[in-house]
Amino acid sequence: MSFGGGSVGRENDTGRIEAFSDGVFAIAITLLIIEIGVPHLEDEPPGTTLPQALVFLWPSFLAYVISFLQIGVIWANHHNRFRFIERSDHVLLFLNILFLMCVAFIPFPTALLAEYLDGSAAERETAGAIYAGTLAVTAVFFTLLWLYATVNRRLVNRNLDPHQLRTMTRRYLLGMVAYLLVFLLAFVNVAASLALIVALALLFVLPEPGERTSEKESPARARERR
Amino acid sequence: MSFGGGSVGRENDTGRIEAFSDGVFAIAITLLIIEIGVPHLEDEPPGTTLPQALVFLWPSFLAYVISFLQIGVIWANHHNRFRFIERSDHVLLFLNILFLMCVAFIPFPTALLAEYLDGSAAERETAGAIYAGTLAVTAVFFTLLWLYATVNRRLVNRNLDPHQLRTMTRRYLLGMVAYLLVFLLAFVNVAASLALIVALALLFVLPEPGERTSEKESPARARERR
Amino acid sequence: MSFGGGSVGRENDTGRIEAFSDGVFAIAITLLIIEIGVPHLEDEPPGTTLPQALVFLWPSFLAYVISFLQIGVIWANHHNRFRFIERSDHVLLFLNILFLMCVAFIPFPTALLAEYLDGSAAERETAGAIYAGTLAVTAVFFTLLWLYATVNRRLVNRNLDPHQLRTMTRRYLLGMVAYLLVFLLAFVNVAASLALIVALALLFVLPEPGERTSEKESPARARERR
Amino acid sequence: MSFGGGSVGRENDTGRIEAFSDGVFAIAITLLIIEIGVPHLEDEPPGTTLPQALVFLWPSFLAYVISFLQIGVIWANHHNRFRFIERSDHVLLFLNILFLMCVAFIPFPTALLAEYLDGSAAERETAGAIYAGTLAVTAVFFTLLWLYATVNRRLVNRNLDPHQLRTMTRRYLLGMVAYLLVFLLAFVNVAASLALIVALALLFVLPEPGERTSEKESPARARERR
């Protein structure tokens, strides 16, 4: 009787998790724009022109670009990791819901950053710390999810190369530490913290070590994949 | 002529229902964040700092976390049940739309809870009762949908083990009764009602009886699934 | 060279249209709730309690339920029709975009209805007429899309039973006429118009003629589908 | 060991990109409606009737229709191109995120246009230029993405007809130039700029050159596709 097994050990289960997660990512990333309100000239100081009022919105535009890149790269990383996770169980599902809770929260610190990036030094520091802190907590849950899935190869392919698994785990731990440092940096210098956040997103454009190797060392393999 | 049959008896039909439902779940869960407005210090009592204004938002953050967990777990349960439902008809489709109407409604009582959790005792009770009541009505529609699909195995696999079917049905009836009790409890003690709601979500982390059994009693089966 | 053909004649093309349309449906239906603002007691007449303020929101809740049912049933009908449409071309794609433009518009007349259902007779009539008019225009575009796809079996299966095709087309023309009458009725009696709109949605619970027949006349076919 | 390759060279990878992009498109297009607020008669000049207040909203309705068509057609074009892109890498993923950042931004200039289309000449010009400018930048990123994927057939099918590839690339370059001209035109005449934007969307209804040819030259091929 194959109906008794619940969700344990079924590969298409992770497909469901991915589809649901993709929906949350796509909505969170697209909701970012509705936090930017159109300027109403009657609420601005008298004599303000529309171009000036739009320039005043620069913190909103900057926060939009940074968060869009962040969520986009988190989505790509989430998807890349779920190609290795083959089975699911209730704990993985729950850790993924906690992780998505962080991702779906990102529009709030984004709006906070947009509102207070041109505020007082203390306000800028608070907004920047909460922004970087949200990303750090997101990274922590992502790492927990990955560790839960990979310790003893619990939910990943059992033939997965242990060396590669270690490399990937090290990358996630490093990423988590980087976001925690960026969080601490926000208390010292918000601009530097945000610049590092953008840099961490741009790092993604580099291919992963595994990718580069596989392309260079075995051109034949690339061919046989088609 | 296979085109005459409408939607009765086609397995991929439930795939469509699931995909549409997943979309509604993903949007409802991600919309929760836009109910939390960024604090504007000019609207706060003079002298309020940004960290203080954010702490005042605790009911919003609490409501966000509780509702995110709830919708996440309802999504997981909906998906788990639809793995057993193999056929669909217009009544199932309609019951599912009514069920989704409840799920998509959850952001409203969430915002109500966020607004009145630190209000007067009477306001807190009203907000808590409407919140728990929404979850109870959602559970009722979910149970109706399940009963409609399973009575006489109308839309589930005809080879499904009757014992397992009864176990699952009992779980849903129990869950429905639990949410109705939580609703009544909200009139007595809102905090206890909310705590129980979180506990009901956390219960989900436990594997289902069927899962545990299948893992313990037949390790061989787990192997052959791969 | 199979790459020259563009989108003509590829079955999976309609899969793409359906997936995109499903996304629009799921978002439009879930966005309905954010039009209902949580009542703020400080904006209400002094002495208003929270339960009273919530009761004052009845037009919003009524509009939510009616629109949720409508969009849900339009989604189900859209999907049922696209099971017969096998090919796509640019005109079908464009007609579908115009149809979705109507569906995605529905939250606006819903909010209008919620705002003015307890207004003056003239306001109620305007809101009701715009609401019913939006549904009527949606039905017109849906019928156009169906006629474009089926005339000379342009984009449907060429083996499709002509009798069944005529039956389905007649149903859509009837539905379109019904929504146009409901639109005219709104100028006379808004309540009756809304009641008919709900009744039209509830009609969907009845199986289609083709379904009933196929179940009754050929029980063997139902068996062989599995 | 097939796990080392990362995302390079896997066809289903582009499926993931498309699904995520479709989500962003569907949400951006459906969010357009929430920018149109329901008129509140108490905020209008005394004596304004509801029909009059709705007529005053014409810039919002016009902006809704134009943006819905634009996003709909951009979606269709994005999908058409991704049928030729077979592989993905991190750079393509990143270019696609930048492209989606532009698409998800469109609701903002749409709301700006809705607010200032009946403003002063200078305001109308600013709003129109930002609207057309957003579409032009979107076209630039779309062209970059296409050029990156096709130069040396980097990520497209290696058997793709070079002549057809050149035809498609020329179309995108032409489209990009058209949007840049429409952007410049907005500084001279906003109405003409918007009219051209609608015309560019309507052009999509015409079949692509390749499509027409393939239908005329090889009717046999159309048959064998089924």
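Some observations on this one:
First chain written, first letter: the chains are A, B, C and D, and each begins at residue 1.
Just so we're on the same page, contacts are C-beta pairs under 8 Å (C-beta built on N, C-alpha and C of every residue); 3 or more make two chains touch, one makes a residue touch a chain.
Note that this is a predicted model, so its numbers are computed, not measured.
The two sequence copies chain A and chain B touch through a face in which the numbers common to both fall below half of the numbers used overall. Ranking all chains by how far their C-alpha centres lie from the centre of chain B, first place goes to D. Distance from the chain C centre to the chain D centre is 25 Å, each centre being the mean of its Cα atoms.
Note on chain placement: the centre of chain A and the centre of chain C lie 36 Å apart, centres being C-alpha means. Among the residues of chain C, those touching two or more other chains are numbered 19, 23, 27, 31, 34. Against chain B, the residues of chain A that register as touching in their complex are 1-10, 16, 19-20, 23-24, 27-28, 31, 34, 89-91, 93-94, 97, 100-101, 104-105, 107-108, 111-112, 115-116, 119, 122-123, 126-127, 130.
Taken together, the chain C residues at the contact with chain B in this complex read 19, 22-23, 25-27, 29-34, 36, 38, 40-41, 49-51, 54, 64-65, 68-69, 72-73, 75-76, 79-80, 84, 157, 160-161, 164, 204-208, 210-211, 213-215, 221-222, 225-226.
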